[in-house]
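Shared chain: chain A. Partners: chain B in the first complex, chain C in the second.
And now, the complex of A and B:
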């Protein structure tokens, strides 16, 4: 499918996705993802929620083409996740801020700009702009190996945004952040969503996700046990403040009953 | 090309940023420069000990430095997650593998430059020192020539300068130390050219320049093991990779694993330089051509392995 055709397709389309991890002898060890169907449309802030081990990160890694599905299909902008044209349009923030400790914050963002094929002049300007945006302009020349977890997270955020992506994939973006850092990330997600960016985000912080997500899917044991628009979930809830949390607990309970 | 350069540059920096690298540069250069001090061990020819020290330093210290860097650049990045973060970008996996190996080879080239300059200077100093000992009145235990003093000063000076740069401008210590120690060697070689000992005209013509192409041939053989280590590191953890590479190097001294790994003896041309011997250019050319083919083989193998590698 051409890039032009891909422009009309959903940003992410997942059908019957399964992933079984195997050991050295190819014996199945864990069924991480067990038949997921999802569609993320343009402009969505889509929350993929679930407890630890529910298959969120595995799903994201299959969307990124880092893991091969055991069965089913993933389409990114209508293309295979391994297609360079598809990956050129996304930014990725991993669950842990995987950074080279010997590079400075500026060099790190410039490195990812280079990987996104930005020319040097554009990359320098974009790096300066993003480091300013994430509040690291004054620490731009310090090696990231000496950064706190929160500062490293900001560098990773700037690196994810350096190529002006159309789709931003955030794996636990508030992991390890203090309340102020968490609020800053939420505000940033809100600003990016307002600019029309499509965002796929995984998190345990349901209270935070209720504020930023437009749609959610609840994962349990590698299956989608509930999904819907956050506005509808809140409208239907008795306790508006904890609507997503209540929905999450209810769907998880239903999912476990179903599994039994 | 930008992607290739970004990946290669990070691999070079990573290779030089390791404390082990600075230590290996220091120990290798000190070994080569101090060889002329032991001028009684001439193996029948003034300068031979220094020359063979240089080749051994490249093979042992250089190979440890470069293969460790290759394992870190591929296996380390896969284990730490930085490879996944990079490959989530529009970066082909084959390009990632080749660029990382190219970055490691670039850092190994820096090591080669340092060792080549140091070996030429040490071999020359050793020959001068031996000749001076012959004409000296009474027993002489040590002969300190200007070249020897310059070489040791350059090595220690590079280390100290790196510390000062780190103290005052926060430059990365290990990267600066490797760079300064390496680049100081050709500099002092140039400075040593017009320095003459009494009765010995120290000119460029007297320098044993044929050491350099022979070292380049050996370096080409080492590059095969760098690419081999990188390819293994795609699937294996660092410890088994290091064990397999060490085993392969040892085996390659005894017999070649044809079409897969080189026979090190074919790259070890230092013996041909003994007693004023000339470098066998045809043989050297064949060895380099074989190394190029084997590096290409391991680059393709590593790229294919990475294509199929899952990055959890």
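And now, the complex of A and C:
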């Protein structure tokens, strides 16, 4: 499918996705994802929520093309996740920052700009703009090996955004951040969403997700046990402040009953 | 590729790998010469110096680059950085090439530094020499002819006739390499050489080592003649002799001939013999020691470039400790394989397991032949000119073809396995 055709397709389309992990002898050891169907439309801030081991990270890795599905399909902009045209429109922030400690903040962002095929002049301007945006302009020439977790997270955020992605995948973006850092990340997600960026985000922080997500899906044992618009969930809830948390607990309980 | 190169270069420079190589090279050049014990001649000292000092630096650079290569992809994958690279719109082959080029650049810098120090130390080294072997039929042709003669001979036992053809040919090829030509007293013998060597107006040296039966030292004398050149020989057997030939007016090389015979008349009462493929060469002056040093450096660089590509392939495929172990074993096996093949030429007399080992050793020798055939330090130490043809062949295979294959393999593995474990 061409990129032009992909422009009309959903940003992420997951159909019947399964992933079975096997041991050395190809015997199945875990059914991490068990028949997921999801669609993320343009402009969505989609929260993929679930307890540990529910299959969130495995799903994200398949969306990124880092893992091959056992069955089913994943399409990014109507293309395979391994297609270069799809990868060119993608930004990814992993759960941990995984930065090269010997590079400075500026060099790190420039490196990912280069990998995203930005020309040097554009890359320099974009790097300066992003480092300013994440509040690291003054530390741009310090090696990231000496950065705090929060500063490293901000460098990783800038690296994910450097190529002007249409889809941003955030894996636990507030993991390990202090309350101020968490608020900054939430504000940044809000600004990006307002700019029309599509965001797929996983998190355990349901309270935070309620503030930033437009739609959510709850995963349990590799299956979607609940999904919907956050506005609808909040409208239907008695306790508006903890609406998503209550919905999560309720769907998880229902999912476990179903599994039994 | 450029970004991957810059990242890897910074990793090597800021990780102090380049500094380590430069310091180790400088220390080797500063202190190892004090340990050299030679035969007291300038040539002997120079030979020992080249083998010990640039040799030690070369070995250290090669091992360090291989160790770094074995860690590059493996560490990036174990620390989840590789997944951040492969989700970008980059070619995995380009990423692998960038890392390989950075390793090559560091190796080239360290080798150039070592070469510079060597050139300064050996500023007065003599010119190197072209070495020419007699133009004899190839050993394979001789072996086939000998086999045909055996098979046609009715006295050859049936068991020999039914032996595996490849094994007999391999045996006969080795025998041909060590075949002796015998020159009885008051007789003469001719060995053909390239006619161009007999052109007038150049320096011609014959390097020869005569032997006698039972390897005893015995005096002998004779006359060597090659086209317009000739010289008397008077020495004892078992010594390697360099005999400069003087230009005369007689025996000019016939025009249009492909070969001219080197004629040796044994005027002594001693029977002497030599192996024409091992004990006889004609030497002519080539270019300067520095020119040869540059070519030797390029040969060393080619070998390290191949090692770097091999290490990167291993590092893309397995974890760092496994890659290091595999690379070490592979290099040791590749170094030992020629000795195994040379020591056990007769595969008909060996057991199946030994035949299997021999076959593996031959395969490894074949695969590493372009690296194995080059002996830059030995050639440099003995003032043997490294020929451009061999150098270019080595560069094409070791810097282009084989690394391209390893890096393509590397790219496939990186795409298929970007995560440390698939969970």
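Rule of thumb we're sticking to: the second predicted complex is superposed on the first by the 260 of 260 C-alpha atoms of A that agree within 3 Å, B and C clash if a C-alpha of one lies under 4 Å from a C-alpha of the other, contacts with A are read in each partner's own complex, and residues count from 1 in each chain.
Operating definition for what follows: contacts are C-beta pairs under 8 Å (C-beta built on N, C-alpha and C of every residue); 3 or more make two chains touch, one makes a residue touch a chain.
Predicted model, so just to flag it, every value in this text is computed and none were measured.
With chain A as the common reference, the superposed partners chain B and chain C clash. Contact with both chain B and chain C is seen for A:66 once the two complexes are overlaid on the shared chain. By the document's definition of touching, neither partner reaches A:149: not chain B, not chain C. By the touch criterion stated above, A:98 is placed in contact with chain B and with chain C alike.
Touch criterion met: A:117 reaches chain B and chain C at once.
Contacts of A:90 after superposition: both chain B and chain C are touched. When both complexes are overlaid on chain A, the residue A:241 reaches neither chain B nor chain C. Steric collision with chain B, judged by C-alpha atoms after aligning on chain A, is confined to one stretch of chain C among 149-157, 293-301 or 347-355, namely 293-301.
Within chain A, the residues touched by chain B in the first complex and by chain C in the second are 21, 58, 61, 64-67, 84-85, 87-88, 90, 92, 94, 96, 98-100, 102-103, 111-112, 114-117, 159, 163. By the touch rule above, chain C contacts chain A in their complex via residues 2-3, 6-7, 10-11, 14-15, 79-81, 83-90, 415, 418-419, 422-423.
Chain B meets chain A in the complex at residues 2-3, 5-7, 9-10, 13-14, 17, 80-82, 84-92, 170, 172, 175, 310-312.
Contacts from chain A toward chain B in the complex involve residues 21, 58, 61, 64-68, 84-85, 87-88, 90, 92, 94, 96, 98-100, 102-103, 110-119, 141-143, 159, 163, 169.
Those residues of chain A that touch chain C in the complex are listed here as 21, 30, 32, 58, 61, 64-67, 82, 84-85, 87-88, 90, 92, 94, 96, 98-100, 102-103, 107, 111-112, 114-117, 159, 163.
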